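Provided herewith is a single structure, encoded as structure tokens, for subsequent inquiry.
The chains carry the letters A, B, C and D, assigned in the order they are written, with residues numbered from 1 in each.
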Amino acid sequence: MKTSYNRIAGNSVERLAALSDGIFAFAMTLLVVDLHVPPREAIHSGPELLRALAALSPQFLTWFMSVLTLGIFWNGQQAQLNQLERGDRHLTWIHIAFLFVVSIVPFSTRLLTDFINYPAALICYWFNILMLGAFLYLSWRCATRGGLVKTDTPIEISKAIDRRILVAQGLYAFGALLCVFDTYASIAFIVLVQLNYAFAPRTFSRLG
Amino acid sequence: MKTSYNRIAGNSVERLAALSDGIFAFAMTLLVVDLHVPPREAIHSGPELLRALAALSPQFLTWFMSVLTLGIFWNGQQAQLNQLERGDRHLTWIHIAFLFVVSIVPFSTRLLTDFINYPAALICYWFNILMLGAFLYLSWRCATRGGLVKTDTPIEISKAIDRRILVAQGLYAFGALLCVFDTYASIAFIVLVQLNYAFAPRTFSRLG
Amino acid sequence: MKTSYNRIAGNSVERLAALSDGIFAFAMTLLVVDLHVPPREAIHSGPELLRALAALSPQFLTWFMSVLTLGIFWNGQQAQLNQLERGDRHLTWIHIAFLFVVSIVPFSTRLLTDFINYPAALICYWFNILMLGAFLYLSWRCATRGGLVKTDTPIEISKAIDRRILVAQGLYAFGALLCVFDTYASIAFIVLVQLNYAFAPRTFSRLG
Amino acid sequence: MKTSYNRIAGNSVERLAALSDGIFAFAMTLLVVDLHVPPREAIHSGPELLRALAALSPQFLTWFMSVLTLGIFWNGQQAQLNQLERGDRHLTWIHIAFLFVVSIVPFSTRLLTDFINYPAALICYWFNILMLGAFLYLSWRCATRGGLVKTDTPIEISKAIDRRILVAQGLYAFGALLCVFDTYASIAFIVLVQLNYAFAPRTFSRLG
């Protein structure tokens, strides 16, 4: 009877996707909530207002990186869920853990914005990315081993998903290491890797 | 005519699921909003930053418990909705009440985080879990009695859903009682029960 | 060509429903964000904590009323959308205006909580409910006149939807008027009407 | 293999729509979060409360404009997605960039509310609208060139979508220019254009 309960629990990929879209949407919008309008009493002219907005640019940098991070992992999760015939309890919990880590992204972004010169803050941000990758990797292992993948999915796709996560995480880890020299070097490298994934998949496929 | 109005109202399980996913996504992300980045003026070095982050660990503990709570009840609600042929007005209102209680979880979590040594705070948190269970139980009674369940759902499933809620609530109540000794003992017990439900359903089924 | 653009714009009832579910979910959860945990420095014992929580009860009252308000109008909107064959541009904009008014509910709730003895605050809250009803009424007029309703919807359903909105708004207006005597009388009357709509549709149908 | 990965990534228009609905719902509701209830200690009578609420009216104006902005672009995006047979990676990233700009709308609205007499704030708001239009335009180019559009979509529709965006952006740019004279003139002009798009498409089609 317990077994039959487990059989009905957590097998709707559609609702998992809906919960994920909600959490991603929320996390993306929360990033902006931390962007504060300059206080009215400090501004006395148009140029002052523009200068105050320009002073927000480090915030803008980390925020841009986080939108890329969330966009990439939203895409990555979607690519996996699209290949699934059905879910199960284990897979659902891996994705809840994944979404838990997604919901931390606004916090790590804020931490990195406030302490942009501290390697410790950058390592925290990178650890967040690492956990995102780890849970997506785990999710795909769980799906392939549990027979949840659509039967018409070719084996190369399955391998491509695995390899893609590992290569990307390798590059992110290298980027994080650059913080020994300069945290901005790390951020620049990670953003470039992300832009490459987002906008130039063909270029990357030649490297991969 | 009124009767026919009631016939068309509240019978879309899909929209109920969509509203639920939105509220769960929101509640899960709100937990993180309460996690504050340490103030910039208090931090002067990397080790200080890491110490300040480590000081957030009791917050992390209650937060982790709440993600488990929300994950478990999201799963529980989904398992029920999956078995429904259609909804009706009564069922819809039970679920709105359920979602109302879901939306309180970030508040109880915050309360428990701020007053983690107060048994009163733990009892509030437990009461929140109790209400979640009560409404899910009520929802299933309403569905089975109202003939809303899919006809191919075996009777054992129906009994398993009932029993699962009752056993789990019994364990949570026992955990809450432990706060007479120590609130951390309560939290540890509740988290262990939750982890067991989430990750080791087979182990549990041997106990149940 | 413009005409053909208008023909493709705004005709997806599904996406309108999804946007609505998001906004309702958000508005319901926002109500709780305004519920503040008592400050740690003011509390020195368990009984003090419970007293501080009990002091939140007027907040709880208005909040409960708003959950009922949102639940009722979510149901009402859903009942309408379920009857639609398709949407069009006009209907979409009526619903965006409706959702705009939905998003104000947390604000009016907060206003009423903070100024619970002021008839002016209660009138603002009632005006919010009135606008919700007005847009739903407008939406149904637009749907029936624009031929957007499913052809198998009997004419009595259509009349029942109209009458239901008018009768309910009449009762809410009467409740709001009671604030001349006491704002709590208004709140009590409105909550009773809402509970009646939510939980005892059969009783109401005998009155209606 | 990389190519096959790209083939499966980002091709679900449904999930893109769900993410969009979440972000639009969130952005619309966030507008209201910035609307603060007058502080209790400053209010001593009903008329004072009404005066304090009336003092919020410039906030109301910019907020109303932003609801129109979000409503128009939600409709515009929906009209495009409805015409798509499938998505691809490039289209998905254009829409993530679009949603990124959507999530900035509450920030620009706040900026304009706080600095309503500063042309610089109005230009920022207009730039936000411009970016929304630019990404929607880019999205449609990407869809038509990438063969993602449903085969039964007539060529006039495709041209109408392009022209509509260009004409509207031309009008918004003209409105923004009016801020040389007065920022309120700009806001009034932009709101009129938006109302025209929202409620009187036939009138506009005679002009277009």
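Everything below uses one rule, namely that a residue touches a chain if its C-beta (ideal position, glycine included) is under 8 Å from a C-beta of that chain, and two chains touch if they have at least 3 such contacts.
Predicted, not measured: the structure shown is a model, and the values here were computed from it.
Undergrad: Looking at the contacts, which chains touch chain B and chain D alike?
TA: Output, common partners of chain B and chain D: A, C.
Undergrad: Indicate whether more than half of the residue numbers at the chain C-chain D interface occur in both copies; give same if so and different if not.
TA: different
Undergrad: Enter the angle, 0 to 180° in steps of 5, of the rotation superposing CA atoms of chain B on those of chain C.
TA: Value: 90 degrees, nearest 5.
Undergrad: If every chain is reduced to the average of its C-alpha atoms, which one ends up farthest from chain D?
TA: If we average the C-alpha coordinates per chain, B ends up farthest from chain D.
Undergrad: Hey, how far is the Cα centre of chain A from the one of chain D, in Å?
TA: Whole-Å distance between the two chain centres: 25.
Undergrad: Whole-Å distance, chain A centre to chain C centre, using C-alpha means?
TA: Spacing between the chain centres: roughly 36 Å.
Undergrad: By residue number and range, which residues of chain C touch two or more other chains?
TA: 18, 21-22, 25-26
Undergrad: In the complex, go through chain B and note every residue touching chain A.
TA: So the residues of chain B in touch with chain A come to 17-18, 21-22, 24-26, 28-29, 31-33, 35, 37, 40, 43, 46-47, 49-50, 53, 67, 71, 74-76, 78-79, 82-83, 154, 156-157, 159-161, 163-164, 198-199, 201-202, 204-205, 208.
Undergrad: Applying the document's contact rule, which stretches of chain A touch chain B when the two form their complex?
TA: The touching residues are 1-6, 8-12, 15, 18-19, 21-23, 25-27, 30, 89-90, 92-93, 96, 99-100, 103-104, 106-107, 110-111, 114-115, 118-121, 124.
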